[in-house]
Every structure is written in structure tokens, then in C-alpha cells.
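After this come two complexes, each holding chain A, first together with chain B and then together with chain C.
And then the complex of A and B:
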């Protein structure tokens, strides 16, 4: 049935718009049908909706949003202009749907006031069902669906409606209408999941890159003892030949336990600078680098001397006869990974800048002076500006020719 | 938070399955299993002609495949008989009663990756990309790809941008559908390492009525990012930090019911005795690369957790 309907409408379209005879469109069979349904289903290109000048267009009111200045004031102005033009508010569903499409262009998609303003466009008390028959059936379905769309867009951007939204919906559609139900559901579930995130991201990220790095590093380090050190502040330097050299920021973090781990590291095996690894804070992605070593198979767990403390035993190994029912550990092999010694965030991912970080780390960790430092950097998006320094090599190859490559590899020896 | 609420009645949803689809990708797996094929045959991308291939042409009548099938199924049958003699689920009765933890999925070899299916919004015409591989030392699974929220230009789809990973339904001998019995446990335990994006865990339980076919139980996991492993083990939303790894587990009582991506008004606790699949969905509307490294997925019995269901079970919720 559906295909039949498509075919009929397609035939009309083709005959009118493209000059293909109607019979021919039908006669060519499946292929032509596919083509025709495809052109029927093609939506306008993504991005801001295009203005349509013709009066009888399918989506009216697009041209009223074509303005030079796109901000909240002009958006509200358009709505006010419409509301003051006609008492009957003819075509309110169309203008609301057009406004919903244009909201991101005007930058008001996260503004609750604007959504309330949009709902205010609906004429009041016209769509409230008056008797039980109207209540039983879907009263003014087009308008109700439109209001639901507004609420759904709010939901999509995570905006909790307020009392005024409820008041407007009650005034427009009456209690127990579909938009009111939607509003109730949103008010039920939104507060429930509001604080589920144990690692909350602030709504406004700091604009200063050093502050942002500080926040991110504290987030990924997850250790209250760790200290952030700024190895280089961002600044621009004027060279002698008039050019401006920009110095990017380097911010690192290291905790006391990481310092002791690095101190215990065997200096003959290299440590690696790896990265960039992405970290997402809502919609922004930042990159960080880590200093780590390969897992050491020779390394043994240090045995704690039982007699070091006279007052309480530092390790206690009682042979408790534990049953299966008391065993809360998981029967899996541990993932073998090398220790992480430090983390940093830098303005760009080239080795010069990361070298500054390593040099700064040497002050607190003198062992880095004897340890070879190998840069294992992936080609991240931040390295596009310095292609000659980009190095992405597999691990096996590195170990083979480590001896010859070491000098040019900026071995961090003093 | 990709949270969608049930607004329109079932009738309406049935007529428009495509814009509910991005939110419940678990229901649209990539046609490996019989019962999934039944479902995905209903979804047709707008603009595509219907598939009119007769059913006998879709069957592969090859002799080699038949022999391999016989081998596989009789092998499975033998294993099932042996397991049955040993005890329920292939474990002894003592283990069954006493065990407090269980590792359901771990990722140590390529066979472990075969137990999972991937899907993304490419099925509805989107542009996200997903792939799954083993981690650096063949000890973890790395689920990575790119999320792209560009809506396919077919005129009907309104939202796009999801990536998902779903475990395959366990199949016994002769393709009988099996399910996991997790009634001894009350908590899902995950050891993951993400990049700061929020994910959604979906659990599908086997149901009797076909109307409940699309039901899913969901909850969120929030990754922290960074080089450290994160044991997702949340206890009443309080997480305990133990020497740079936080313990966090998801009790089954927290999972809420949704159908076709819409939270249902009439909530019901998850029945853990017939679990068919577990999945992870990403749909946080942030374009760009993502990655989630999973060490293992386990279950544990948290004796301190007594909550039955975290949400109200009124007749009509709001």
C-alpha cells in the first residue's frame, strides 16, 4: 500500500517537475521507482535551512529568520513581530517548526527563556478540550505534536523545563494533554539522573589553557596527593627579525607515589613518552601525554619487614580457612602494564615541547638523567603543524635500532 | 545524557521505527542471528526499495557448510550433556550456590571478540565508524571509532550518531536460544578504561511476549579518562577511591526499563534469571574519536546492597 502511494505521488511529481511522461516513469519498473523514491526522500542539505522566496513553498517563514544579526535579541524579535501581527496567530505551527530549526544558528538552543517564548506563540485556550469526546480523541493533534517537538528539543539539549513551561502548556492544551504528559515525564526523570555522574564536568570550561590543563590533569590523575607543575607558560616572543614566536604551555602532574616509582626504575631500560591520548570533557577533546615504562618482569614485590613497627604488624597473613562463599575476588588474569610515572598536557605534540617537560621532570627525578627517554608519539591532530618531527614507530622496530638512533632521539642526558 | 521519554503511543512508534532506532541500537544487530533477522527485516531505510528476494534464495545450500554445521552442533550437544551431568550450567552444585563473583566476558583472545557484534548508525545511513580489536598485550578489548552525528539525508531520520557493541545471544546445540542465569548476583562489575565519555550499559532479558521484544534495561557508566583502569563498581552513587583506582559497580536495581529508546512509564525491576545480551552504547552527541578499553565484565554479589528497585513502580509513573 505504501509503495503504491509513493508510486502515485512520484508519478505526479515526475510528470509535473521533470517533464518525464507519467507512463514512462511507471513503465521502466523497479529501477525508475527507486530513483523516484530516492528523489522524493532527499531532504534539504544539512546546515542552516535555506530561504525560500516563493509564497507557496512547503516551509514558510524561513525567510524571516534570514537576518544579518543572529543572536537571542533578534530571535525574540522575530517571534514578537509574528505575535503582534495577527490576533489569530495563523500559521503558528509552521513558524514554531521553522524557529526550532534555526535555533542553533542563533545560538539560543540552550536557553530556557527562548523555549518558553516559543511555546508562548501558541494561541491560548483554543486547543483545550471542552467535552469528553474531544478529550477521548487526540484534540488538535498537529499542535500537540508541535509542542512535543519543542519539548523534545529541550530534552535533547538537556534543559529542564520550569514552572512557566508547565503554566503555558496548561493554558494552551489543558491538563492531561500529551505535551503535559511529556513535561511530567521530563520532570520525573531529569532530576533522577542529574547527579549520577561521579566525575562531573563543569558547565563552563576555563578558557585559559593552563587552567584547563590543570583541571584535566587532576581529573585523570585521580590522586589527591599529586601536584601540578607548570613547566612553561604560554607567551609570544618577539624575535630580532620581527617575527613572533609563540611558546605554548606545558603543564605536568606527578604524585609522590609516582616519584618513588620512578626512583625505583632500572635506568638501563628506557622510559617512554606516549601520546597523545584523548580526553573528552563534554564536547571538547583535549590530549595528554604520559611517561611510562614497560612492565618489568624482573621486578619483585618488596617484602615488608615485619619488625619495622613494634606496635602493629605491617603485614598479616593469617591462614583463615576461607570458603568459596567468602571469596570476593574475580578469577581473571591481571592486565600487565608498565607503571605510569607522570602525565602532562602540552600546547602541541612536538618533541621539543615535550622535551621541556622531561627536562623539568629531571629536577625532581634525577634518575631521568641516566635513563634513555624514547618518544613514541602517534600522529595526533595536534602535530599537523610540525610534520618533520612526527614519529610513529612500532615498538619492535624501536628496540632493534635503539643504539644508533639514540643520539638523534634527544636522549635526555645532561 | 541521551535520555528520551515515551511521548507517543505505541501505535505511533510502530509506524515510525526509524527515528527511535538511534536510541536502541541493540535491537538492530547486524543480522547474525535468526531472531534478530526477523526483527531487522522490518526496518528498511527510507528511499530503499523492499527486498523481494524469495526466502529459498537466501539459504546457502553448500555441502561443506552442512558438514561443518553437523560437526559443530553435535560437539555442542556433547558438551551440553557433559555439563548437565556435572551440574547446572556446567558447574558443580557447590560452586553454583556459593560463588560470589563470576567473570562472564573477558578479552584475552580473538575468540572472545567473536562473541560480540558491533553496530553503528551506518545501518540507518549515518557516518559513524566502529571497530573492535585486542589491546596492546592481547589482554583487553579496545572498542574504538569515530562518532558522527550527521543526520542521513533521507528526509525522515531526525537523529543520528550512535556506536554500540553488543554481546551475541548464546546459542546451544541446533541453534537453540540459551540465556544467562544471573539470579545469584545483584551487581554488574566492569573494569574499563575510557576517554571521559559517558556510555550506556544495556541489558536485554528474554521475555515471553513479543510485545516485550524491544524492552531493554539501561544504566549509565561514566568514564574518567586517563591511563588508569577504572573498576566500575558504584555503590549507591558513592565511589571509594583506593590508591588511584576507583571502585564502582552497577547494581541491577538501578537499571530502568526502556523500549525502543524511550523510558517507559511503568517501570519494572530487571529479572536476572534470563539475560540474553549486554551492550554498550555511546551517543553523547560529541563528534570525534572515542575509545573504550574493556578488561572484563563480571558479576558479583554485593551483600551490602539490599535495594530491590531504584524507581517507583506506580501504575502510572509521572
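And then the complex of A and C:
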């Protein structure tokens, strides 16, 4: 409300100054405000943020970042060089914007210290409004917007500012400036959003494929009782003919309740190996396979044996059912799904490799020896996989022959 | 419209007039066909008080009283002079001379009929002796494991040959008995019993194989009541596994036991694992019939519990004496401890609890001693729950009176505390017994009310109207009169207030049970939080009945200090009345309002994560 009043009074002031009727100035809305800003400041009006980064124009300070060695130390070195060169810090907006663009190249886009260093480039106390008129209007808008861009980039990378950031912004722009507002908003939301994901993904994924699979399987299964078993460790074997044969990893997970479910499975009906299904971990995609069966239509509810509990009745012999008012169950269309008996992650969607998993499972689930296992594998995961080569799924080697396979293959294993 | 209402009102009045005399005449007749089948507690579920069951308070004859007093005196002397509880606790063993003393007193055969060499005590007299034997927890448990469960199978389900063969030696204490039910994988679930008895080809023996754990007297006993799976051929010819009970002698061979378990309390009692390896049990040693073990086990467990009430009361009475001495001599700020109100409160609490326990225990024992086959299992379970929790609370308060001294091993209070903790666990944990209490009553009430509730659900106008008028009358402040006071009353006028409170609670309890059945039907089994409240109310109602009945008798026949009893009874009834009202109000609400929803959600979260997941209060996000 107060700001609105200020604005109106400012328009009056400005209209009087330029001889334009106040009503007209009001009617033009935003443009009028821009004009106000223009006539109050000597500096040129701020262009759109992309103006400096447009590909066509030659942007200053790009060359100082063209270095061989790109790491945090060299990045900071550039900034220090600039700061020490000139006490007036001429062109600081340009160097900050250039630095923002180069941050990913130097791998410092997630480093709060570097962002603070970047804000430190601004000259201190010059942009702090000195009187109410300056405070009312966008004082040094280019600088303020530049600082906001720094904060925005922090926001995009999920970097929470700290006290140091706040001190710098206060020193540079003063309290109630736009960057401080931005800082306050960030500090309002970021802590609240920090733990919204109940299943946080670690920032650094393990490099070892077995460890990664272990983590992913626990993540999917989410059952504290389930046990991970490594059916095959990845290793390379030298064959007689000099060729190297690579053995890929097979890691599976199964919980005790799944073991008992599988033990109760009717061996005359097949179980299916299905997959690959994608699992995204931040920017990495991994694939898993499941062993499942169709829902058993013959399965009947377990009858309550009255001669079971020694101390109290397990059921009442009454003909009364639950009243509607206390029936809290959701009325949804239940889609009967078959049980999932186990899951695994393997180095490739190769039937031979998955066969090793099934053979490994047989040790704890002897019933698998008598049950037909049908492989229903989709064509490999390569379409979906992201070009993240460092990830643990070395599927690349098998891409070719997997592509030739039919989308759905069946094989009976007796 | 008004006319219709008036007519209905008239009809309801008429109905009431007719129901009055007819009800009181008809109901006893109806029940007279099974005079002792019906227990008091189950009827409370219907909102009625069968006052003839509990009033007057059961008595024993003068001769019986003299007899029991003659028995009590030497036992008391023995426990005071020859039993060194501290030593028993320290060495985790009852010395043989103490055991011999107990045997000489005949305490190993208290309930065995005289013809088999026992004392042949009634339940009431057994409870009386239990008050004294409970002064040492280890001895009490040893005796209880021997006769309350160990040999009970032979006593209640054995045939004459079995009785003649085993009971005399068990009564004299020459043989000690143990009850073997619990297994590593089976606590209260009979289906997971793994011990198996297979018939030998000649059909004369069973071969017993398996292990049992936590068997009281396991290392001392010579005779075991063992429960094992046997194959039984069904009516339709299919073989099925069923539980059978066997009398197994150690002399049959193949019986080994592990070393005694090291326990928190009742350390002197012997608890250990038992292993049976191809133990040859003759077929005539099956208790009851083959495959009938489940019923035997249930009957044994149900019949053994009532004595815990008097035992706990005996222990608390002793504690009151001991702490009383201390409180009246210790001085702080030139005042004795007994002058401080917060200390006084503890004594009042202990006296109240002991009084209630005693009343409940002897009322139940008296009901069980009546001719016929009274089914007092619900009452016995209530006695067990109330007294075990009361005992734990009182021992804790007694220890508190002594402050730091109570915590020291030099004083017996910490031993009492450790010993009394087992009361809440064994012979059916209190949680399980609460389910038993509530569900047994619900089943009984459900059988009778099903028809009415079905009519109501169908939308029968007559039944609905009846309900409506009843609700209306209740809301207008109805005076509940179930016949405890007034002309036909059985309660002494000085307890009239309490009796009124009991009647009101019983009436609304009946209504609540009906609405619970209406709401949940047979799925009430899954509503354990509601059932717990039902059980709590019922326990309070039974306790109120017991104290009113007892105090009425005391005041009427002029027992010493009956005014004190009246005071205790009135205090307990007021407390219980408020608790009941609160619980009943909670029962009338739906789960979001009475916190059940929150309880379940919190527990589900904690159990899913298997831990406490709140962030530390010192944690930060930035």
C-alpha cells in the first residue's frame, strides 16, 4: 500500500517536472514507471538479461576465462585478478555475468563460496540508497539485477545462501533492496524444501556397479527385511584365444516374505522375468528386472482356525458386519496384480546373465527348479539411457546384438 | 403427528409397565436351565447386573474358616522365620531345606483332593494361602508352576487311573510338576507348536520329539504336562495335525534340560529349556483324548489366574507394613514422613489397591467354589490384569516412599519390584487377556443382540422408535435403577452413592457395547484399541461390584474397621466412575476424534522406519 502511494506521488512529481498531466502518466502504467526510472537515474536503463549474453555481440571478459586449467582455484584467481586490477572495479557487471556463464565449465556451479566471491566483486556501499527517493525507486537497477541473476543461478542449482551472502548484499545494496528481498525469499523457501523428498538421492552416486545396484534395489524394495545378494561380481576373464571376456554384475534382492510367497507358488504356472524397467537417480538412469507371476485365481483366503490362539478368540461367531459409517476402506477399483518375487539389476539385459540370477535364486527358493521361467524382456534399455558414460551400467557393449533381438522373447527354462 | 407421538408414548409406557414384572419373573426362569453357566461379567455387556451372582459377598463357613486359620498360622511362621528371600534371590536357587519345609506343610498339594493325599482346599482357601506364599516371589512361582498349571491338567482332565498314579506323589512334593507349552516359535499361537508326538507302529506309545523353552520348574520337575502335535483322523477321513496333552515322566528317558535361565526377577524359581528326544510316552498318558489338547491347555490357563489377586494383595499388605514403619520414624524438617501429604497419598493408594484386589480375588474364588461348573474365566482374567498392574504400581510407590534407600540392594524393595514385573507378563500377558475379556463378552452380547441390531439396520420402525425414545430418555437425565438399592436392594445405604454410580456405568456400558456391535459387527476383533477400552471399563465395573459387595457385607455383619472399608470402597468407586465415563465417551466417538487414528498413524510410521525419525532438536536446515 505504502509503495503504491509512493509510486503515485512519484508520478505526480515526475509529471510536474516534465509538464505531462498526471492522469496521462498514470494511464500509461508500466511505461510511465520506466520513464520515471530513466529520468531519475543517469545510468542507462537496464536491458533484458540476455542482452549481454547474446551470441552475436562480443562480450567483454570472455577471454579471461578461456584458460587451459579450469577449476575452482583458477576461477577464483581470475576474479582476484580483476578485483586487484582496479579499485573502481569498472565493468564489474560484465565480469560477473561472464563468470556466471563460465561457472559450469569450471565445475564451480554448486560452490557457495564461489558465489560469495562473485558477489564480493561488486563495489561496496556505492549502491546503497541514501535517501527515500532512491530507496523508493530501483536504485542502480543493472547492478541489482545482476546480483539477482547471481542469486537466481544459485537457486537453479539449489544452493542455499548463507550469512556471508547476506552481509555482502547488505553491504552492496543495503537492506530492502531487491537482491536482499530475493535472498529473503530464498531463505524462506529453501530450508522448507530441503527435506521434501522422503527418499533422498545421495549427491554422489557410488561408482562401483555392485554398490550402485545395492543402493538402487534397496531404494525400490523399501523393505528393511530384504536381503541383497550378489550373484556375480563384475570381472574380465582372459580366454585361451587371447580375447577378453567381460563378466557383468548380477545383483538381486529378495525379502523373507517374498521367499514365502514364492514357496507358496503353484509350480505348474510359470513365473516371468520382466524388464528392463527404468529407475532415475537424479540424472542417471539405471534398469532393473523383476521376477513375477500372474495373480492366482485359485488362491483363497486363509481360514481362521479357532483352535489356534490359546488365550483369546481370533474371530467372533457373529452375523453382523461392519457398519458403513466405520468402513474407512477406500472404494477404488482393485486391479489384481500378481506377486513380485524378486528383483535384480544386471550389467545387461542378456538372458544368459539373467539366467544366472534365476539359478542363484534357486538356492534359496528350491521351487524355482520345478517352475517354468519365461523371459519377457523388452528391447534393451539403450533408447532410454542417457549419455552418462561414467555410470555403472556398461550396456554399451551389448547394444548391438540387443538391437537385433525381437522386442519380446520367450524362453522356457525347466 | 402429535397424536401419533402420544400414542407411541402411551405404548412405550405400557410396554414398560409390562416389561417390569414380566422381566424380573421371566429372566431367572430362562437362566435357571443353566444355573451356573452364566457368569456375572458377561451379563454386564448387556447392561444388566445379575445381583444374585455377586450379592451377598461369598462367605465360607465357620468350620472352614477355623480350618484355614489353622493352616495359615504355621505357613506364616515358616515364611517369616525360615525363608531367606534375599539369599534365594542372590543364589538364584531355593535351598533344598526350604523346599522340604514347603513339602512338609503340604503346600505342594493344596488343591489336590484329600483322597489323593492333598489338602483338598477350595479355591477360596487356596487364595488365602496364596497371600502368604507370595511373600517370596520365587517360591510363589515355583508352587504355582507346580499346581496351578503343572498338575492342573491331570486334576481337571485326567482320568481316575492317571490321578491315582500321579497325584499322591505330586501332592507330597516327592514329584514336582511342570507345564510345557511355550516353544521358541510359539507363545500364544498353538498352530506354531513344533513338538511332535508320533504313534509307534504297535500303537502303544507315542514318540515325543521337540524342545520347549522357559519352562518353570523345568530343571526340578519329574512330571511334565507336555503339549505336542499329533496326527488325528478327521470325521471326513482326512488326517489333520492337532494338539494333544501328555503326561511325561522324566523317567521315560530322552528328557534333557538346559541350564537355568538368568532372570530379572523371581530368580530363585527354576526356568529352563527342555528337550524331548524320542521320549516314549504310553498312550494311556494322554490327558483327555488325542487331539483334545487345545481345550485342556485353555482350561488349565483359564483356571490358574484368579489366585494372582490374593497373592498381590498379600504382597502389598506386607509392603504397607514395611514402608509404614519407615514413614513414621524417618524425620525431615522436624516432621515425620507420614506427615507429608504426598507420602500419605501413596499409602492411601496402596491400601485402596490392596482392598480392591482382595475383594475381586475372593469374590471370584467364591464364585468358582459354587456347585456346578461355573465359568469364571473372564472374572479370573480381570483379577489377573487388575492385580498385576496394581501390584507393579504399588511396589513402585512403596519404593518411592523410601527414596534412595528403596533403590539399594540392602533393602528388599528392589527385589519386590523385580519380582512383581513378571506378573504382567506370564499366564497370558495383560494385553492378550484384555482381548480375551473384551471379546468373550462381545461374543456373548453379540449372540443376544444380533437380531435386534439387524432389525435396526433394516430400518424397522418399531425398533428404531424404541431406540429413539430410549436415547431421548437418557438425554433427559434418566435415573438408572438396576435394583441394587431401594426396597429390593442388596447394598448397604452407606454405599448407595457408589452403587448408583455402578448402575449408571453398567447401563451406559451396555449401550456402548450395543453401539460398538452395531458399528463394527464381527470386525470388532480388529479394533484392538476399542477392545482395550471395553476391557478396562469391564475391569473397573467388576472391581466396583466387588468392593461394594464386600463393604456391604462387612458393614452389615459388623466386621472390625468396616467404616474404613466403606471409605475405601466409596473412594475407589468415585475414581472408577470418572474413568469409566471418560472411557465410555471415547468409545462413543469415531477414530479421528478419540486419538485412535493418530495412534495408529504414529505407530505405522515408526514401525515402517523402525526407529524414531524426528530430526534432532538441534538440527538446522541452513
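Here is the rule we go by: the second predicted complex is superposed on the first by the 309 of 414 C-alpha atoms of A that agree within 3 Å, B and C clash if a C-alpha of one lies under 4 Å from a C-alpha of the other, contacts with A are read in each partner's own complex, and residues count from 1 in each chain.
Rule of thumb we're sticking to: a contact is a pair of C-beta atoms (placed from the backbone, for glycine too) under 8 Å apart; a residue touches a chain by one contact, two chains touch by 3 or more.
Just so it is clear, the structure is predicted and the values come from calculations on it, not from any experiment.
Using the contact criterion defined above for the overlaid structures, shared-chain residue A:202 touches neither chain B nor chain C, since it reaches no partner. By the touch criterion defined above, A:308 reaches chain C but does not reach chain B. Residue contacts after overlaying the shared chain place A:191 against chain C, while chain B stays out of touching range. In the superposition on chain A, A:333 contacts chain B only, with no contact to chain C. In the superposition on chain A, A:220 makes contact with chain B only, while chain C stays out of contact range.
Contacts of A:181 after superposition on the shared chain: chain B is touched, whereas chain C is not.
Using the contact criterion defined above for the overlaid structures, shared-chain residue A:323 touches chain B and also reaches chain C. Touched residues of chain A, counted separately for chain B and chain C, are more numerous for B.
By the document's definition of touching, neither partner reaches A:297: not chain B, not chain C. Annotation: chain A residues 187, 190, 192, 195, 323, 325-326, 328 touch chain B in one complex and chain C in the other. Chain C makes touch with chain A in their complex at residues 181, 188-191, 242-243, 294, 297-298, 301, 428, 432-433, 435-436, 439-440, 442-443, 446-447, 450, 453-454, 457, 517-525, 590-591, 610, 621-622. Residue ranges of chain A in contact with chain B, taken from their complex: 3, 30, 33-34, 37-38, 40-46, 148, 151-152, 155-156, 158, 178, 181-182, 184-190, 192-193, 195-199, 201, 216, 219-223, 255, 257, 277-283, 285, 288, 290, 292, 323-333, 335-337, 340, 343.
Contact residues on chain B toward chain A in their complex (touch as defined above): 1, 3-8, 46-50, 94-95, 97-101, 103, 106, 108, 135-137, 139-140, 150-151, 153-156, 159, 189, 195-198, 220, 222-229, 234, 237, 239, 241, 243-246, 248, 263, 265, 285-286, 288-291, 295-296, 298, 300, 311, 317-318. Chain contact summary for the complex, chain A toward chain C: residues 160, 162, 187, 190-192, 194-195, 224, 305, 307-323, 325-326, 328.
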